[in-house]
Amino acid sequence: MTGTGERMHALVERLYPLCRSITGDGVRDTLAIVDEYVPLRVHEVPTGTRVLDWTVPQEWNVRDAYIADADGRRVVDFAASSLHVLGYSVPVSATMTLAELRPHLHTLPDRPAWVPYRTSYYERAWGFCLAQDTLDAMPEGEYEVRIDSTLADGHLTYAEHVVPGQVTDEVIVSCHVCHPSLANDNLAGVAVAAFLARELAERTPYYTYRFIFAPGTIGAITWLARNAERVERVRHGLVLACAGDRGDLTYKRSRRGDADIDRVMRHVLSASQRPHRITEFTPYGYDERQYCSPGFDLGVGSLTRTPYAGYPEYHTSADNPDFVSPRAMEDTLAVCREAFAVLDRDRRYVNLSPYGEPQLGRRGLYDSLGGRSDAKQAQMAMLWVLSLADGEHGLLDVAERSGLPFETVADAAEALHAAGLLKA
Amino acid sequence: MTGTGERMHALVERLYPLCRSITGDGVRDTLAIVDEYVPLRVHEVPTGTRVLDWTVPQEWNVRDAYIADADGRRVVDFAASSLHVLGYSVPVSATMTLAELRPHLHTLPDRPAWVPYRTSYYERAWGFCLAQDTLDAMPEGEYEVRIDSTLADGHLTYAEHVVPGQVTDEVIVSCHVCHPSLANDNLAGVAVAAFLARELAERTPYYTYRFIFAPGTIGAITWLARNAERVERVRHGLVLACAGDRGDLTYKRSRRGDADIDRVMRHVLSASQRPHRITEFTPYGYDERQYCSPGFDLGVGSLTRTPYAGYPEYHTSADNPDFVSPRAMEDTLAVCREAFAVLDRDRRYVNLSPYGEPQLGRRGLYDSLGGRSDAKQAQMAMLWVLSLADGEHGLLDVAERSGLPFETVADAAEALHAAGLLKA
Amino acid sequence: MTGTGERMHALVERLYPLCRSITGDGVRDTLAIVDEYVPLRVHEVPTGTRVLDWTVPQEWNVRDAYIADADGRRVVDFAASSLHVLGYSVPVSATMTLAELRPHLHTLPDRPAWVPYRTSYYERAWGFCLAQDTLDAMPEGEYEVRIDSTLADGHLTYAEHVVPGQVTDEVIVSCHVCHPSLANDNLAGVAVAAFLARELAERTPYYTYRFIFAPGTIGAITWLARNAERVERVRHGLVLACAGDRGDLTYKRSRRGDADIDRVMRHVLSASQRPHRITEFTPYGYDERQYCSPGFDLGVGSLTRTPYAGYPEYHTSADNPDFVSPRAMEDTLAVCREAFAVLDRDRRYVNLSPYGEPQLGRRGLYDSLGGRSDAKQAQMAMLWVLSLADGEHGLLDVAERSGLPFETVADAAEALHAAGLLKA
């Protein structure tokens, strides 16, 4: 352990109490904290702006919210957890019986100790989320009900961090920042993305890496709407979510199914012998839905540990900082690091001496003593690269066909390139 | 049981005694009975007509045929079964010894109680088919041998029934009507086809469905020869045979192997969880041989229960009405019904809002309450259709990729189409 | 056994003592002996000739070589085995201590009784190969060391034998002749090639078969360099090596992976029910490396028994004539014979009567008695050929799709062709 896992976990804990939603100060506060780790460019998009088929909604903020019993005791209190208020609740201030209140209360009867997460972004409503146990303990009678929220014209907020590369072709890493007090979904993803960005900036990568921190769905749609030209330059991408639970890694393929990122992730997960799952694209989940919509159809996959909605704690108060582990976040980070290392070096070369094998020996690339059967891996890698360097196969293809480590293959290609035997 | 199975079985029993062949009054009488169920247009094609590589043969009819022993007792009698006469036997009237007669007798030594079915359409011959037991009981000595047949210029007879659809593109359903007293092969197929035609006419299907009742090989060839232009409009087709035995359903793919009908049948058989077999195309069997000949190469598969020649009773007197069951015929009918329901709705749509997801909520197509993980099947189906509606994937593709029922997918597509989000 | 195996083994034994290398009289003597079996055209290419990326090296010959102890006793003697001298050793004549000598000695510590095979073609060096046991028995002290070799301008020698076919399109069969006293690698390959050439000449094959006997790597490269135009006519090819050990046959696919030769070898090995392995192409092994280099990318596979470097005796003195068996060589020969028989008859035909089935009966190609379910294989083969004769499928495709023997399919195609129903 390098301590990176613990530092990411500390970031999760720090972000956890904030009341995030698809708009509002919770998102701004979240981005301000992330900015301490990697400098962010924050974008504010006014309410009413048309973004693709959607419209940026009004901005929502909550100052206070509670249900108080006849004694004035707050039995449900927003101050205790941002989950307690139905997302995008309109203001309410009333006294009503439990019977009147009940249609506005959301619980999980099967998990009576947990508070669910619910929203009503596009239909005006108000409500509270609470534990079934809490509800069961509430006597009939009158309650003071108060949500001191504002739903008004304002802005949708998202941010970007760019690590410039050797080329302007881009890799995007996108994570949603709209969920309130839920740790795995998606503060763990935010933390891994921030630390990944820091690492990438330590060298100049081949691709330009763009990190997008945006509210789910409407945020990705807003980014896509405002970056029509940039989208042309997006070669690969990854949506990061649920990055910290203790389950195995899950990679969900892009809609294309055989995009470079799909092949790289499969290779890295398989070559590293981590237990993992690869799943096919479905049009449900996180913002890969938007990036892979058929008009864009980007090569963007999604990396999670336990996948979307695949654990009981999903979208409940049980998805708290204890649910995510430093080790798991560090493992997710490591896989991203390995995958981008492959992606960055995966090129198609053309063998400039394709008729017969070039004589590697006189170029100092080959052992001079013949007859032995233990040709070294580096030499085998050169032969494989020369054999497949026909402009159609990339180095990852070579690694997979040969069974050699990608690094060895990429090193061999560099040596051959330096010797003038390959062109990029 | 709706009683349909019993009604189909009654039709089989009624048709069973008739002496069908590739021409002759037995075919005409058969078609006249079928016409009581679905109106047929009957075609008569004169002997000598060139049809593709073939020529319509002379017409064959039998009035009487028997082998009588020295006492005048008929030991083999056409009146007992139309199988007893070798199909297309020329007339004979003679007295001969058993030794002289023997080369003209066909039996099944391994199944001594059964009478085989044999023909000699294209080489002039005469003969009798009888049980080995019968032959064994015939003493040496003289026999009166008589086949009162005519083989003369006349016509080949076939019939069509058309269920008009919304488009003139056609689906053909073809079954052979040339076999004499054999129930599964192919009176069961004829009965299922007739009842299927009746059902389809109850609504206006998308495709125009053409039912072809024709003698095997020469009949299909005649239809193809006389419908060169119509063939261009045939999009899909099914040859129905052996539709009533108690074995599992077998679908034999078209020569193309991946025609729409192949995919639909596989889907329906698999989705319905019926035990079944899917077999590859072979150029042997029923009239799929003709429809799938390489010059036409139509998307025509073949549906049977136990396949061609796959049961001991095949082409013997044991293929009698007891061998076919109402329940089996009803099951065959049901699969055809299900398959054509899918075929009729399987379209390729284009998503008119392909950049990001369209906002289904404001169109009333999506639940407003967010955060839950139990998105309904109908909503999932809409997302899948939108994701794959790129003009390349059809709704059956969507159903198979998503694992959702085809009906749900097709309903979702209709809802999206009605909302202006898809074009057909 | 026809005795062919024994005759091939006798050839191996005769060739075994010669000191072959990539140039020199050992190759010439080898080719002179092979010429007694099949007439060879021998090519001599001068030192310094540029061949693709390589240059023909100087010619190497050894008259004598030994290490003698203080008593003048030869403890290592070239006369006992050509393996004892490092291939391409420069001359040396010196007296030196064992300590001084040791860096020039090559042994196999794990196989102390065996002498390894080593070369240093492209770096000037001298050395001896000997058993570890021999080395262990050598006392410290002085030794007389002598290699009476010449390394001087001369020629590289290779040879061809051509069996003219009906067409000028060629099949090449290539085997390396550069290994000194090693029996399986590759005298067995040379012997099988020679006997295969003799057999092929007994009839006029369809393709022209060219047998290439050349030193490994540089020889194949030289042939390719000098036959740029001929390479255009090479349709298929096979590299023969390690053809005589007692292991199962191994076919290594061409770089293309689905070349005709790949499909033919798979079919023949599978249809013959021999235990065997099929392996994917790797750019390491024998001269398939050159023929399949990406600029040529010929449809050339490699047939061995135990593959390249796959047995402990590989490149050691244990690969002696006892290591190869007459039966194994005969089996390798038989597979080549069967494969070329298929290759030679595998054509693509076009059905000239593709609309419906042509009437085979009136052409005498079909039994006239109908109704039976035991259609003969020959008739089934005709139906299959007609069905798939669309110019895209070859007869091997037909055999594999139908499950019928290739010979039956090819005979059916000839009958149909003779009847005017197919064009080639």
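For the reader, a short list of remarks on this structure follows.
As written, the chain order gives the labels A, B and C, with residue 1 at the start of each chain.
Keep in mind that, in the parts below, contacts are C-beta pairs under 8 Å (C-beta built on N, C-alpha and C of every residue); 3 or more make two chains touch, one makes a residue touch a chain.
Remember, it's a predicted structure, so these values are computed and weren't measured experimentally.
Steps from chain A to chain C, minimised over paths through touching chains, total 1.
By the residue-number overlap criterion, the interface of chain A with chain B counts as different, with under half of its numbers used by both chains. Matching CA atoms, the turn from chain B to chain C amounts to 120°, rounded to the nearest 5. Look at where the CA atoms of chain A average out and do the same for chain B: the two points lie 55 Å apart. Looking at chain C, no residue sits in touch with two or more other chains. Those residues of chain B that touch chain A in the shared complex are 351, 353-359, 361-362, 368-373, 375, 380, 383-384, 386-390, 401-402. Listing the residues of chain C that touch chain A in their complex gives 52-54, 87, 116-123, 125, 217, 220-221, 224-225, 255, 280-284, 289-290, 292-296, 308-309, 314-315.
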